[in-house]
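Below you'll find the structures, each written out as structure tokens.
What follows is a pair of complexes built around chain A, which joins chain B in one and chain C in the other.
Let's look at the complex of A and B:
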């Protein structure tokens, strides 16, 4: 019988936290292949999307660093280093990323945080503020692009980022005051 | 800049979590107070600010782009403990809502990017601001970024030293891959950004004069 919410999300989150720490200790390629296969089987719904996201998040860093290191070790030692550790590094990162994306898609995070109301409120507040402040940053970037007859260069964007950050500081200070007042008026201490 | 999951073993990530967790509680209480109405709005809005600043992409020569870190500004305006609390929450939000960065490596990333770098930026700024406020802001941000990057490189180097079978990436490769862009381009961009932001905040009289 499936667990009811928020128990299901809490159990999934706890299992995920243990799983990623356990996976981060594995170096054996066969064990990683078995873990990857099991994760694919367990999270087959939405697997292509999670695989794509994991590949984008992991492969450029893992493959880039592996190639650079392989060449470096070849130059230093004069013989090609074994490929196993590089493959296991890439596989480990990819399996963890796949499991993370798959679990996060299935978890109702804010409901799972019900036993920790302060953390839950903090995350809700932060996400709402990210949305509000992001609108300002996006509008500012679009405004910069529309004002300049050419593509904005590095210095243009850095100057604009400085200006938008100053505006964001003002806005976030005002929002913090407003939220604190609203919380006090609703009986929070 | 931050380390993804799978690059560091529990030998390093578990002690880092152990070191960071009490520091998070202390930093939040010390900076924002213990009451919910004081602490939650301030941490939430400043974390959102740090998150949004980090999503601003700067085109750099060579056709690619780099993102701002922006915690140096937070450290210079509100102090290093505030920047540590907010950057840690940014990393947590990125890890659990967007799958970026990592959960196991959260302690390492938070200590390097949220505490050591901004702490160094704050110290350098305090030491140099009597000579020139602008130079101090630039130097603080530049040094802070180098310290964060160096800390991450050293941790990856330590992992390679502990087990080259686990992380077969030697320290010279990590250091070159991370420090070269940081020393040449990203550090300068971060320094200029911090300089512009602090100048504007001062011009608009939103920041107290030192």
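Let's look at the complex of A and C:
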């Protein structure tokens, strides 16, 4: 019999935490491949979307860092270092990211955190900030598009990114101050 | 007397936002705080809510000095937070709970008030947000967020309401609802900051006009007297002269301007 909410989401989150902890200790490539296969099988519903998100969010950083470290060791030691550790680091990141995105699709985070009001509030603040910042980034991109006589190129986006980033930080800082004031005003101490 | 402000000045980041502001608010009064953008309306409301403190001069609440030591005193702080509610101009800052229901319940729970569920149901109904009770507030539209924030501050049954740009982001029907709700709150003192000049007479029985640079109070009296004083409205930046058309006749004269 399936567990009712929020127990189901809480159980899934607990299982995810155990899985991530266990995976973080795995270095053997074959074991990681088996874990990846099992994760794919377990989370086959919505797998293409989770794989795409993992590929966009984690792989560039993991591959980039691994490559940079490998090149650095090559320069320092004068001989190519073994690729195994770097491959397992990248594979581990990919499996953890895939499992995380798959679990996030399946849990109702806010419901799961309902018994922990402070954690719930923290999550809401984080989600609200992400929501506000994404809105600003999207609006900025639209603003750029509407003010250019041509389709914005990479150079235009890069030139504009500095100002948008500054606006994002300013907005975050102002929001944080306002939220603290609002919480005090409503009796939170 | 609920509030007494005497020669209040406030400096932030090396800039004097308010200078020599002097006025008082009696119990049950409805005061509309007017002024152009940047004149210090929001800062003044934060002073009245004990979130900012005067650099010079004094703010008194119910005869008691409203300063840091007063708000550090647990008994006074609890009483003050239970009596005074502020609607922020940036309502996003007020919405930090997982659901609309939790948002409305936040104040009553913090203050340990009885009948939290009944308060949530009542104020959600009044502001038409009952269908959203289980949704996260940050997913709502601007107007819906404003209605949730209003329900949230009213859920503590405050004695004093401080509303910063209460009608901004609200459609005409929701603005009218707010006016009706305010009218129905017997005995509640309200200080409403706005630059929506066309709603002044509906929002309060007394207008306090701040100078454009925060340099004191330019007018304090009945709204209809202020609205008749064209010279003052122009000097304060609330009316402008500009050209426009009446049918096929173009001419220029002064106009009141709402921000929205």
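In this text, the second predicted complex is superposed on the first by the 118 of 189 C-alpha atoms of A that agree within 3 Å, B and C clash if a C-alpha of one lies under 4 Å from a C-alpha of the other, contacts with A are read in each partner's own complex, and residues count from 1 in each chain.
In this section, a contact is a pair of C-beta atoms (placed from the backbone, for glycine too) under 8 Å apart; a residue touches a chain by one contact, two chains touch by 3 or more.
Quantities reported herein were computed from a predicted structural model and do not represent experimental measurements.
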*In the overlay, answer first, second, both or neither for which of chain B and chain C A:123 touches.*
both
*asked:* One more residue to check, A:114. First (chain B), second (chain C), both or neither?
replied: second
_Quick check for you: in the superposed arrangement, does A:85 touch first (chain B), second (chain C), both or neither?_
first
*Touched partner set for A:38, first chain B, second chain C, both or neither*: neither
*Who wins on chain A residues touched, chain B or chain C?*
B
*Does chain B (first) or chain C (second) touch A:132, or do both, or does neither?*
both
_By the touch definition at the top of the document, which applies to A:175: first (chain B), second (chain C), both, or neither?_
both
*asked:* Just checking: does A:188 make contact with chain B only, chain C only, both, or neither of them? Give me first, second, both or neither.
replied: both
*asked:* Per the contact definition in the header, classify A:142: touching chain B only (first), chain C only (second), both, or neither.
replied: neither
*Once the structures are superposed on A, label A:57 by its partner contacts, choosing first (chain B), second (chain C), both or neither.*
first
*Can you list the residues of chain A that touch chain B in one structure and chain C in the other?*
121, 123, 125, 127-128, 132, 175, 179, 183-184, 188-189
_In the complex, chain A residues that touch chain B_ = 17, 20-21, 23-25, 27, 53, 57-58, 61-62, 64-66, 68-69, 72-73, 81, 84-86, 89, 92-97, 100-101, 104, 109, 118, 121-123, 125-130, 132-134, 137, 141, 152-155, 157-159, 161-166, 168-170, 172-173, 175-177, 179-180, 183-184, 188-189
*Where on chain B does chain A make contact in their complex?*
4-10, 13-14, 35-38, 40-49, 51-53, 55-61, 68, 70, 73, 77, 89, 93, 95-97, 99-100, 102-104, 163-170, 172-174, 176-177, 189, 192-193, 195-197, 199-201, 204, 206
*Contact footprint of chain A on chain C as seen in their complex*: 46, 49, 51, 77-78, 81-82, 85-86, 88, 90, 92-99, 102, 106-107, 110-111, 136, 138-139, 152-153, 156
*Could you please specify the touching residues of chain A with respect to chain C in the complex?*
110, 113-114, 120-121, 123-125, 127-128, 131-132, 174-175, 178-179, 181-189
